[in-house]
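Two complexes come next, and they have one chain in common, subunit A, joined by subunit B in the first and subunit C in the second.
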Partner chain A sequence: MGIQFRQVSYHYPSGSINFYPAISDISLSIAAKGEFIAIVGHTGSGKSTLAQHMNALIFPTSGEVEIFGSVVSKRRDKKVKYNDLRQKVGLVFQFPEYQLFEETVEKDIMFGPINFKVPVEEAREIAKKAIVMVGLDESYLRRNPFNLSGGEKRRVAIAGILALDPEILVLDEPTSGLDPQGKKQMMELFKDIQDKTGKTIILITHDMDLVYEHTSRVIVLNDGLLVYDGSPDALFKRDDLAKYHLNYPETIRVLSAIKERFGVDIDVYQKDAISAANVIRLVMGQ
Partner chain B sequence: MKNIVIGQYIPGEGFFYRLDPRTKIISVIVLMVAVFLLDSIYHLLVASGVAMILLLVGKISIGRVFRGLRPLLVLLVFTFVFQILFNRQGAILVNETLTLSATSIVGVLFLTVLWRMLARRGKFRFLLLLMYLGGLYLAMRYLTFWWQITTFPFVIYEDGVTMSIFVIVRLVVIITLSTVLTLTTKPTDLTQGLEKLMRPLKVIGIRSEDFALIISISLRFIPTILDEANKIMSAQASRGADFAEGKLKDKIKQVISLLVPMFIIAFKRSEELADAMESRNFVPGKPRSRINELVFNRLDVLTSVFVVMCLTGSILIRVL
Partner chain C sequence: MSYIEIEDLSFSYTGKRKILENINLLIEQGEWVAVLGHNGSGKSTLAKLMIGLLDPMSGSIKIDSTLLEEETTYEIRKKIGIVFQNPDNQFVGVTVKDDIAFGMENLLVPRAEMLEKIDFFARKVGMSDFLDKEPASLSGGQKQRVAIAGILAMQTKIIIFDEATSMLDPYARAELMDYIRELHDEGITIIMITHDIEEAMLADRLVILKEGKIHADGAKKQLLGQPEVFETSSLELPMAIRIAGMLENNDDKLKAVKEYLWEFSFDR
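Here is the complex of A and B:
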């Protein structure tokens, strides 16, 4: 179950003759529970297009996507309620803070649930839970979203999607434009959401450190093609990542440089800063 | 919403592309005046022949120009029908009596349903519309049995036909002229040309530079804003706002969910733009240099001569 891509290609409609596919021939399957997936690839590699297929915002030009049993293909099927798929797969766009429009945070978070016919009182309760889930307190509910800081706005916007209680949460570059502290908090937030609810979380990101440290599966896109689908550990052990315009995580880069410079034999594959620091300390002790 | 093309400019080679935008703007205006001065259908046909030759000389595909006409099809059909039905001069060509009876009403309803069903498939829409109108006429003309409710005359006069053809050919020629202008001139060149042409208006206190700047900024930002609108729409659709369906009350709410963010984005963008312009030393009202200065060349002179000849020709025809 979950989401299944079967040979999906997508061309953006355009006036020019030589249009090229944004994604082509992508087949993959995503479980409904427990996965923590990163989608990486350079700018224009089709990450966002792929993400928008996951909740039927765009329809494949060829192939089909199966989302919780409903098949989405080129032809619109009148029997499929596409809107309901958007409740099952919550998609948080890049810079989601721009989608805020209500005069209070509470109303903005309630917008989604009410669209899906949740009674107002219930939606209010959901809003309370959602705002706590993203690490803000209930006092924010009465505030005007436009007076919040950038990071707070983003949390509110994510709360607006969490309020839909989606089975799968897809986030398009949720940490872009945040400072390192904000990034860390954001990642902890997703980790926390996953620990508590077991939802599958899919992240689109450029940040290899986040990928290496937190995710359990990486999907690499290059020029619209799926070039890698597997564990981050195996990915970063490869030595041909430059081919896909990807970097290695900071920890691997620093430790590899030390290994080469001082000719010491260390395990460079450390996922986070603390274990990397421990390795360095060990080397210094020798 | 994604398929809106702003400015129909398509890059190309040929005579029209090498003309100065000022020449093109003035020529189009003068030629339009010349076309308006013509008052006989034969002269007008000559004018449309000249327009065709111009298209051929400029290597502009005629299909492309007619595609530009498509949005105005409704207007053209409307003018045509209006002229034919309401012009009551000249000899009578058709004089029939149409009947509204039980059978003809059924026929009309049947045709309407059939037309809508076929039109939904999206092919040959225009042809279908014409066939529908013809079918309506036939139904009301010949299905006269049972319960005649009322009858009314259907008369077409000779002038009605000539006038409708005249008006349509005139519109088509004029639209073709302006399409040639927009097809072969970059929006930036167009505004620069306008700016130069409006310079004399400084006397009455209108600064043409400001005007040109406003136009070029709006043209520049239409695709950007559309792009943002698309993004916001998708984002709100992800929150269950279905812009296609739903009740009116819900729809209003959904439109607000689009409009508020769009306003915020537009203001933010304009502020950023203002900062960017100021940091590059843009001062409103101060003279600015251009990368590409407009220069007249021999082609422009030739074109001007040709255009003036057209105008004098049509004035002479009109007066004599």
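Here is the complex of A and C:
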């Protein structure tokens, strides 16, 4: 189960002669449980296009995507319930708070379940659970989303997707625009959701520090091609990331600069400031 | 007298909870000031007050000796321009050309002069080839450059960047920062609203807002030496300075590394 991409290509605009490929010949497999994946690549590399295939929001130009047993390809198949796939894989867009529109947080979170024909009372119960899951308390349900802070609004929007109880959660740039504290809390939230539910979480991001510190698998796209699929540790040990327009995590950059400046043999692959300080002491200290 | 004088400025949307409280800030011509603060600290509200998009509850703002009030808003906007976070929110025209022209049209710039300026400033931001394109077809970084061309064409002496890079990828962001550096070299006063310390490292002076008040205001180097200022306002120090702060002072080699880490942060 989970999601399998088999030689998937997608051309913009779909079906036109003057098309350009957004993604080309992508094959990969995502487990339904327990993965924490980052999708990275420069703007226009095809990250969002790839993500939109994961819940049949768009259809491949060629190849096929299997989503929890249902095959999605160029031709619509009357037997496949595409809407159900959108429940299985929840997609949270960039700046999802812009899409809040109801007058209470509760109504906003209930919107999705009700769309999927869940009875109102049940949807209300679901909203209660979802708001707690994103780290806010039930009193928020009665509040107007427009009076919340940016970070709170984003949590409410994520609760709206969690209310559909997706197996896999895909988030497009979930930390952009948040201050350092908000960023940290958002990552703790994802870890917490994963610990409690085991759901696979997929983040699209530009933040290599976050990728290095938090995820267990990275998918790198470059000009629509899959150029890396593996652990973040092995990725950042490569010395050719500039050709994919990727930066190195800040800890590696700082420690590499020290290594060069002082000519010392230092293990630059540290994930946070504390372990970075420790290796410096180890090599430079008495 | 300072170029920008903000005196006892307070603001509230509802009359109850104050978003900004007793802000006092003097900014000189040609300065590059980063206004840092957590989400909800009031930093974007301050930007909106400075260009007259919001009215203060009390206090005053003077720009180049003109007091900002309803009658002078027009005058003030010839002096101060703003680039917002989301480039999609600032486009009004059908083409890039229309967009660059928009601000000048409001200032009633004669047509011939306007066309000349559109060409000049589009070239300056590297967007000459895009003048007849729809803004919607541009990338985020290109959109921000068009927005900047529109502001430059009005030839304001002060530009506020209100989280202008937060929707850009790292490359577009670095490009925009280089460009802001050029503007600063030309003598434009830069006010950068951000919560990204790496970005703020390009400024000369940091103003830190916390819960609507000025929490700290000083030269970059001086404030970076006070980690508690950042810790108490939900902000982070640059990684290299954070690491430096953890190293001991009683060892010559470690001291040398510490010094180097500071250098590293300042030379980015």
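Methods note: the second predicted complex is superposed on the first by the 276 of 286 C-alpha atoms of A that agree within 3 Å, B and C clash if a C-alpha of one lies under 4 Å from a C-alpha of the other, contacts with A are read in each partner's own complex, and residues count from 1 in each chain.
Here is the rule we use: contacts are C-beta pairs under 8 Å (C-beta built on N, C-alpha and C of every residue); 3 or more make two chains touch, one makes a residue touch a chain.
Just so you know, these numbers come straight off a predicted model, no measurement behind them.
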{"item": "Fit or clash - subunit C, subunit B, common subunit A", "value": "clash"}
{"item": "Touching partner for A:Q99 - first (subunit B), second (subunit C), both, neither", "value": "first"}
{"item": "Most subunit A residues touched (candidates subunit B, subunit C)", "value": "C"}
{"item": "First (subunit B), second (subunit C), both or neither touched by A:D179", "value": "second"}
{"item": "Which of subunit B and subunit C A:T215 touches, first, second, both or neither", "value": "neither"}
{"item": "Touched partner set for A:S24, first subunit B, second subunit C, both or neither", "value": "neither"}
{"item": "Subunit B versus subunit C as contact partner of A:T49, first or second or both or neither", "value": "neither"}
{"item": "Subunit B versus subunit C as contact partner of A:Q194, first or second or both or neither", "value": "neither"}
{"item": "Touching partner for A:T205 - first (subunit B), second (subunit C), both, neither", "value": "neither"}
{"item": "For the subunit A and subunit C complex, residues of the former touching the latter", "value": "42-44, 95, 149-151, 176-182, 206, 245, 247, 250-251, 254, 257-258, 261-262, 273-274, 276-277, 280-281, 284-286"}
{"item": "Touch list for subunit A against partner subunit B, complex", "value": "12-13, 15, 52, 55, 57, 83, 86-87, 90-93, 96, 98-101, 111-112, 115-116, 146, 160-161, 164"}
{"item": "Parts of subunit C lying in touch with subunit A, wherever the complex brings them together", "value": "37-40, 85-86, 139-141, 163, 166-167, 169-172, 195, 197, 234-236, 239-240, 242-243, 246-248, 251, 253-254, 256-257, 260-261, 264"}
{"item": "Residue numbers on subunit B that touch subunit A, as the complex places them", "value": "2-3, 5, 228, 231-232, 234-242, 245, 250, 256-257, 259-261, 264-265"}
